[in-house]
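I have a structure here, written as structure tokens, and I will follow up with some questions on it.
Chain lettering (A, B, C, D, E and F) follows the sequence in which the chains are written, and residue indices restart at 1 in each chain.
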Amino acid sequence: MPAGRRAAALALLERLEAGAPDRVDANLTDFDSDATEIILGFAFADVVSRPGIDLKTREMLTVAMLASMGTAPGQLDFHMRAAMNTGVSRQEIVEIVYQVAVYAGVPAAMNAMTSAKKAFAEAPE
Amino acid sequence: MPAGRRAAALALLERLEAGAPDRVDANLTDFDSDATEIILGFAFADVVSRPGIDLKTREMLTVAMLASMGTAPGQLDFHMRAAMNTGVSRQEIVEIVYQVAVYAGVPAAMNAMTSAKKAFAEAPE
Amino acid sequence: MPAGRRAAALALLERLEAGAPDRVDANLTDFDSDATEIILGFAFADVVSRPGIDLKTREMLTVAMLASMGTAPGQLDFHMRAAMNTGVSRQEIVEIVYQVAVYAGVPAAMNAMTSAKKAFAEAPE
Amino acid sequence: MPAGRRAAALALLERLEAGAPDRVDANLTDFDSDATEIILGFAFADVVSRPGIDLKTREMLTVAMLASMGTAPGQLDFHMRAAMNTGVSRQEIVEIVYQVAVYAGVPAAMNAMTSAKKAFAEAPE
Amino acid sequence: MPAGRRAAALALLERLEAGAPDRVDANLTDFDSDATEIILGFAFADVVSRPGIDLKTREMLTVAMLASMGTAPGQLDFHMRAAMNTGVSRQEIVEIVYQVAVYAGVPAAMNAMTSAKKAFAEAPE
Amino acid sequence: MPAGRRAAALALLERLEAGAPDRVDANLTDFDSDATEIILGFAFADVVSRPGIDLKTREMLTVAMLASMGTAPGQLDFHMRAAMNTGVSRQEIVEIVYQVAVYAGVPAAMNAMTSAKKAFAEAPE
């Protein structure tokens, strides 16, 4: 059962960025042998892989939350790429950045813009 | 032209909560005669009424941002209702609350849950 | 197995505040039937009931985190009481409040002081 | 020497709001006998009473900081009044609220507006 | 009329840092053709260029807000320089950093100090 | 008496990281001649060196606060090392990181994990 939770978490992560599970799992396990189960099991198996909201919309929500909190730039970079990998268009990311300016202020939006431009540059046209 | 921006902002606000424009406009104008133009003009005319993301999805984003920042409980209450008014379902709000727990922590999700339950109680079945 | 996780979470909650499990479980289940499992299962079964740090010290950490973030005053009130219920002394709470002033600023400490005084007033001498 | 620090802190507080020192000192001392010295000594004797920036401008800075962080509404209410008591005009407060919208977002500005309106209502014309 | 708003925004930006408008405008336009209008139009034309508070005091407020929120270090670096460009003295910046320690905590002040020292090093004596 | 406060602050800092006082004092004094007294005097002489909570537990609290606020990554790196220097074990740091995930969200915990791994790598086995 825990094995199923761990597998479900890594399967979701693969959808966010192809090849990420091995890297992220190794990074977490190197910290503590329970980390993948506890952290990713909660985030991706218990919550993000639930039906009810499609994965593309969930990534839009995640990008908006990370950009408005402004405290995890590395995670924002990852989810900008994940958003594009799950079908969020460049124009939709532009709109999210403007909406961040309204609800979290212009500096938060400027940081999100920088992150978005990195994801745009790495994505195939 | 400014008149158009002001009108566009209030029209968007009416879609978020029927009857809100008069109340909000009076509240802002009582503070300063330029407040509706500057604050709502930016938020609702310049940004939220743009095409590119539908209003329902925008309200999902707004709820997620306000819940994860955790600094504007009154605005969160308003946008929980506005989310339902623009077509967000109870189950979708439940999913957003769980996603807030992942990205902003359990206390932020508990606050969002309290706000959501107030909106559920006020909404027609 | 999920039943065990739910039971473990509620058992931990009982240690934080006698009688809280029924009230909190009802509040969460009224929101969504999965909420106790997802939210409390993660918080209390997966994490806070782990050995490695005793519960008293964990409550000191929780009070410090909630006070420094400053975004969940209701949860801070609960954990001030829970801290005292798990053996944190009034003097230790005073020290945490001063340390919050250093790391999160005087206003965060003033809010924590207000919350602490409510817990002091409710606690038996 | 500590007595001087405590006295300097309370003298500054009297300038922020006439009559506040007794109330605030009692509130702090009821929490811990060292609280006035540690908290107010640092805030008001060590820092805010320094020359280099006049008190009116310092209160403008404090209002802007508290409004943009958004985590201490009670302190924001106090410093809105203190700002007016030290010479900040209504129009200057209006300008600060707009600037908060730019740097911390519209919800932070709306909260600041509510706080400002309370201070305006209590102040003599 | 939009052209006037855009021009007003860039004129204000030139006062903050000579030569910045071309660089910032290119950066924003590369993201989206509306970005300069929406983001800078709001920030600099609608708000910061308003009379009622002089530009030097506005930059003091901006530095205090960015330092206390702590989520936009790049923008803080920019506005430390802009503060000096609009007449804020080194001693006034020192005072702001101390006041940040009071209202947002010592780590926020230490980050602001690092940013201030970079601006001091780049400024002509 | 001020000399005593300064000395007490630097003595506490030496316990957090051997050799840090000279470096930190020089960094602060280069900014302003009063900075060590005002900033470190408050943080380390007035608060952290108080009895009532042992230094090891205080560093656990500091790590938890900095990780949950997420706005001072450099200070978090320092206090991860200081925690280990004052007797916090690797397993205890692992537990704090998991508890940060509960109260401040997974991204805050991931940032804390990165910081912890740097401290682990630098510490003698």
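Just so we're on the same page, a residue touches a chain if its C-beta (ideal position, glycine included) is under 8 Å from a C-beta of that chain, and two chains touch if they have at least 3 such contacts.
It should be emphasised that the depicted structure is a prediction, and the values quoted were computed from it without experimental measurement.
Where touching is counted per the definition, the chains common to chain A and chain D are B, C, E, F. The chains in contact with chain D and with chain F alike are A, B, C, E.
Its C-alpha atoms fitted onto chain F, chain A is found rotated by 120°, rounded in steps of 5.
Distances between chain centres, each the mean of the C-alpha atoms, put E farthest from chain C.
Counting the residue numbers that touch the partner chain, chain C and chain F have more than half of them in common.
One finds 39 Å separating the Cα centroids of chain B and chain F.
One simple way to say how far apart two chains are is to compare their mean CA positions; for chain E and chain F this gives 30 Å. Shared interface positions of chain F, i.e. residues touching 2 or more other chains, are given as 38, 42-43, 46-47, 66, 68-69, 71, 94, 98, 101-104, 106-108.
A complete topology is adopted by the chain contact network, contact being made between every pair of chains. For chain E in complex with chain F, the residues that touch the partner chain are 69-71, 94, 97-98, 101, 106-111, 113-114, 116-117.
Within the complex, the chain B residues that touch chain D are 28, 30-32, 35, 38-39, 42-43, 66, 69, 71-72, 74-75. Chain contact summary for the complex, chain F toward chain C: residues 42-43, 46-48, 50, 52-53, 57-58, 60-62, 64-66, 68-69, 91-92, 94-96, 98-104. Listing the residues of chain B that touch chain E in their complex gives 1, 38, 41-42, 46-47.
Residue ranges on chain C touching chain E, taken from their complex, read 68, 101-108.
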